[in-house]
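You will see two complexes here that share chain A, one where it goes with chain B and one where it goes with chain C.
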Partner chain A sequence: MSFDVLWRYAPSLASGFGVTVFCWGAGGALGVVLGFLIALGFRAGAAPLRWALRVFVEVFRGTPFLMQLFLLYAGGPAIGLRLSATQAGILGLGVYSSSYFAEIFRAGFAAVPQGQVEAAMSVGMTRFDTLKRVILPSALVAALPPIVNTLIVLSKETVVLSIITVPELMYQAQTMAAETFTAFEAIFALAVFYWLLVEVVSRLGRRLELMATRFLSHEAL
Partner chain B sequence: MGAPVIEIRDVKKAFGAHAVLRGVDLDVAKSEVVCVIGPSGSGKSTLLRCVNFLESYDSGSIRIEGKLIGYEETQGGPRRPMSTRKLREMRREIGMVFQHFNLWPHMSALGNVAEPLERVRGLSAAEAGERGRAMLKRVGLADKAEAYPGRLSGGQQQRVAIARALAMQPRLMLFDEPTSALDPELVGEVLEVMRNLAGDGMTMLIVTHEMGFAAHVATRIAFIDGGRVIDVGEPRKVLHESREPRVRQFLQTYHDRNAF
Partner chain C sequence: MRPSVILHSFGYFAQGALATVAVSLAAIAIGFAIGALVCMARLSRQALIVRLGAIYVSVFRGVPLLVQLLFIYYFLAKFGVDVPALAAAIGGLACSSAAFQSEILRGALNAVPRGQGEAAVALGFRSVDIWRRVLLPQALRISVPPLINEFILLLKASSLVSVVGIAELTRVSMNVASSTYRPLEAYVGGGLFYLAINLCLAGFGALAERRLSRAGVR
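Right, the complex of A and B next:
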């Protein structure tokens, strides 16, 4: 293995890593917010809206991200959607992951025991207050572990953005490999950076879960 | 005497093809304590849940202090469901205690009691806290205000749930098998609180399997089987002098089970 190639390309790899983290963060945040709104629509929306959301989720969960990204970036201008590669990448990640987050939040809502909702109804609380004060706290805590998990999966989906020339880590590693004929070094660099990212995220996630569980249950400590 | 607090007339309800209530009539007068007993699956809990419309009923009427619950008053023609806002307003006046307590696990005991006071009655946090503490004191849990449900015993949780319902100052209280989920040694503390409530003149409709409690605290007992009220009257009459074979049979199995 040639370390001086890695050393020489370190700045571009580091900038690629920065772009990866940025796209992943922005796309993931967009996905979480969108997914939450979709799950709210599932719960409280009228039948046609629920049906439309169901189709949306099935389409974006059921087709490859690569295909979605191509369609968005290459086909977008046909419907007046002109995006830079990075913008398209972030939007694509957000929409794609929102279909997963929507299902996670939906399951989280469903996990709140009906009895807690009935107790709120029986004292005459409004549906909004019931959602805000009774359902959400429990539902969000239940949703946290699968959200962290999906965010980790998503961090690795960012490699697909290299296909539409977003200058993220995969793109920089491929450039390095092509310019210096060092395939192994490129893979090594990718592995180290992604492992680093996932490790940090999962540690943060675990800490968050612990805090959330303490907040929610106060039981069996 | 004015209109009964609860007036149930010919209430019918089916889950699909299965008729759960087949025409129930029952009145509860002010300050009365009516215990509903009967075999499981007889429709007791469903009936109770119809009284605050957590469960809808198909036909007949349930009136709370003369006001129909769940449906708009109509003169003939199909009836329309009541608006959610009106239903909420009626439910505020009806306290309910559940078999599984249904406390909110992310709020302390005091939080559980104060929450509806703030959200529904519009009290300030300070007022709600003050009334909440007074209610917890009333059920003997003044020292557990800051404890979370997960740290409380079943009996304590149920007493918090009673305090939560009571804090709303309801006109009547519904109890859906309040002691059925409790360890036997914890039943007494909950029944004690309910006995005190009855002594204070609260109007109560209670679904229970606690025959001893029903015998001593109820003003009347209603025996339900197969979705109908089979017998209703003073505890002594229903428990010891009923001519209804199903009542006698039920009580016989009950005695057999508890003989040792």
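Right, the complex of A and C next:
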């Protein structure tokens, strides 16, 4: 193990880690927002819209992420969608994960007891108020643990972006390995960085869940 | 968008789809064997063996599959171990799937009511018989739906083995894209094949779940 190679390549590895975190954050945020909108559409939309959303979710959950990336990055220009590798990566992560987040939010909505909705209606709350004050608070709390879980899975999916040449951590580590013949150091760097990422995310997630459930126990009192 | 491109390469896509299914089947079967061993390790009485099982699961679930595949295919070669592409692909998928399958099996064993094992002990069953006749039949039944789910996930993950050069569905789509200069049609075609396979699997899973739950009532 030669540390001076790692030291020499530290800037490029660090920038790769930055790109990984950025793509993961931006893609995950896009996915959560899109997924939430899709779940709202499932709930409130007309039948044709619901049908279209179901097809969307099934297609993106039923095909490999790599395939979706190729379609977006290589097939996009044919329909006038010209994206850089990083843009395609973020958009791809967002759309792909949105289908998973949509199902999570849908399950969260389904976990709200129907009686609460009926009670809100019977005390004369508007549909919007019912959504905002009754359904969303408990639905979001129910959805939080699987959301954190999916975000962790997503952080591992960012590795796939290296295949369409997004200069993220895996890409930089492979470049280093190819230029210096240092396989072991590359693996070592990858292991450290990904472990760090997953560890930080799961800790943050656990804290978030704790905060959310504390709010829930207050409500129960 | 010209659908004729997809129809033209239909046979080629079908071959790729067959390779995808074959690789996934091999990987899920080998992964099941390894997963069963890991699950046994985690239920062992020896603390050290339990620890080893837990480390296996956390490593193979925590490290991205692509990293595992490239490690086996490229990096092991640099240490002087030459692994053929197909072995690397199936081995990588199997090792990663084994971690998930061991957790499924462990969960299923935990889901068998404790009283079942205790009743068998009380009736004087030997421990082999307790496993063979009481615990395993129930646990395997519980684990079928999540195992089919894992197979769907594995089938999608198998698209990554295209990077080590296996001519499966993703690699075939890439080849079609580069030989026809029509990436949009090529990847839509490949995606449709994946979707068709997964819908079949999901349907099969729903069927199995219904049949097994009926058998469970009896």
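Observations, loosely collected:
In this text, the second predicted complex is superposed on the first by the 218 of 221 C-alpha atoms of A that agree within 3 Å, B and C clash if a C-alpha of one lies under 4 Å from a C-alpha of the other, contacts with A are read in each partner's own complex, and residues count from 1 in each chain.
As a convention for this text, contacts are C-beta pairs under 8 Å (C-beta built on N, C-alpha and C of every residue); 3 or more make two chains touch, one makes a residue touch a chain.
Here the structure is a predicted model, which is why all the values come from computation and not from measurement.
Superimposing the complexes on chain A yields a three-chain arrangement in which chain B and chain C fit side by side. Once the two complexes are overlaid on the shared chain, A:198 sits against chain C while remaining clear of chain B. Touch criterion met: A:186 reaches chain C, while chain B stays clear of it. Using the contact criterion defined above for the overlaid structures, shared-chain residue A:212 touches neither chain B nor chain C, since it reaches no partner. Looking at the shared chain after the overlay, A:62 reaches chain C, while chain B stays out of its contact range. Applying the stated contact rule after C-alpha superposition, one finds that A:134 touches chain B and leaves chain C untouched. With both structures placed on the common chain, the touch criterion links A:121 to chain B but leaves chain C unconnected. Put simply, if you stand at the Cα centre of chain A and look at the Cα centres of chain B and chain C, the angle between them is 100 degrees to the nearest 10. Note on chain A: of its two partners chain C and chain B, the one contacting more of its residues is C. Applying the stated contact rule after C-alpha superposition, one finds that A:159 touches chain C and leaves chain B untouched. Of the two partner chains, chain C is the only one touched by A:75; chain B is not.
Overlay on chain A (Cα): least separation between chain B and chain C is 24 Å. Of all the residues in chain A, the ones that touch chain C in their complex are 58-59, 62-68, 70-71, 74-76, 78-79, 156-157, 159-160, 162-163, 170, 174, 177, 181, 183-184, 186-187, 190-191, 194-195, 198.
Of all the residues in chain C, the ones that touch chain A in their complex are 1, 62-67, 70-71, 74-75, 78-79, 156-160, 162-163, 170, 173-174, 177, 182-188, 190-191, 194-195, 198-199, 202.
By the touch criterion given at the top, residues 113, 115-116, 118-127, 129, 133-134, 137-138, 141, 215-220 of chain A touch chain B in their complex.
Across the interface of their complex, chain A is touched by residues 52, 54, 84, 88-92, 94-96, 98, 100, 102-106, 115-116, 119-120, 148-151, 161, 164-165, 168 of chain B.
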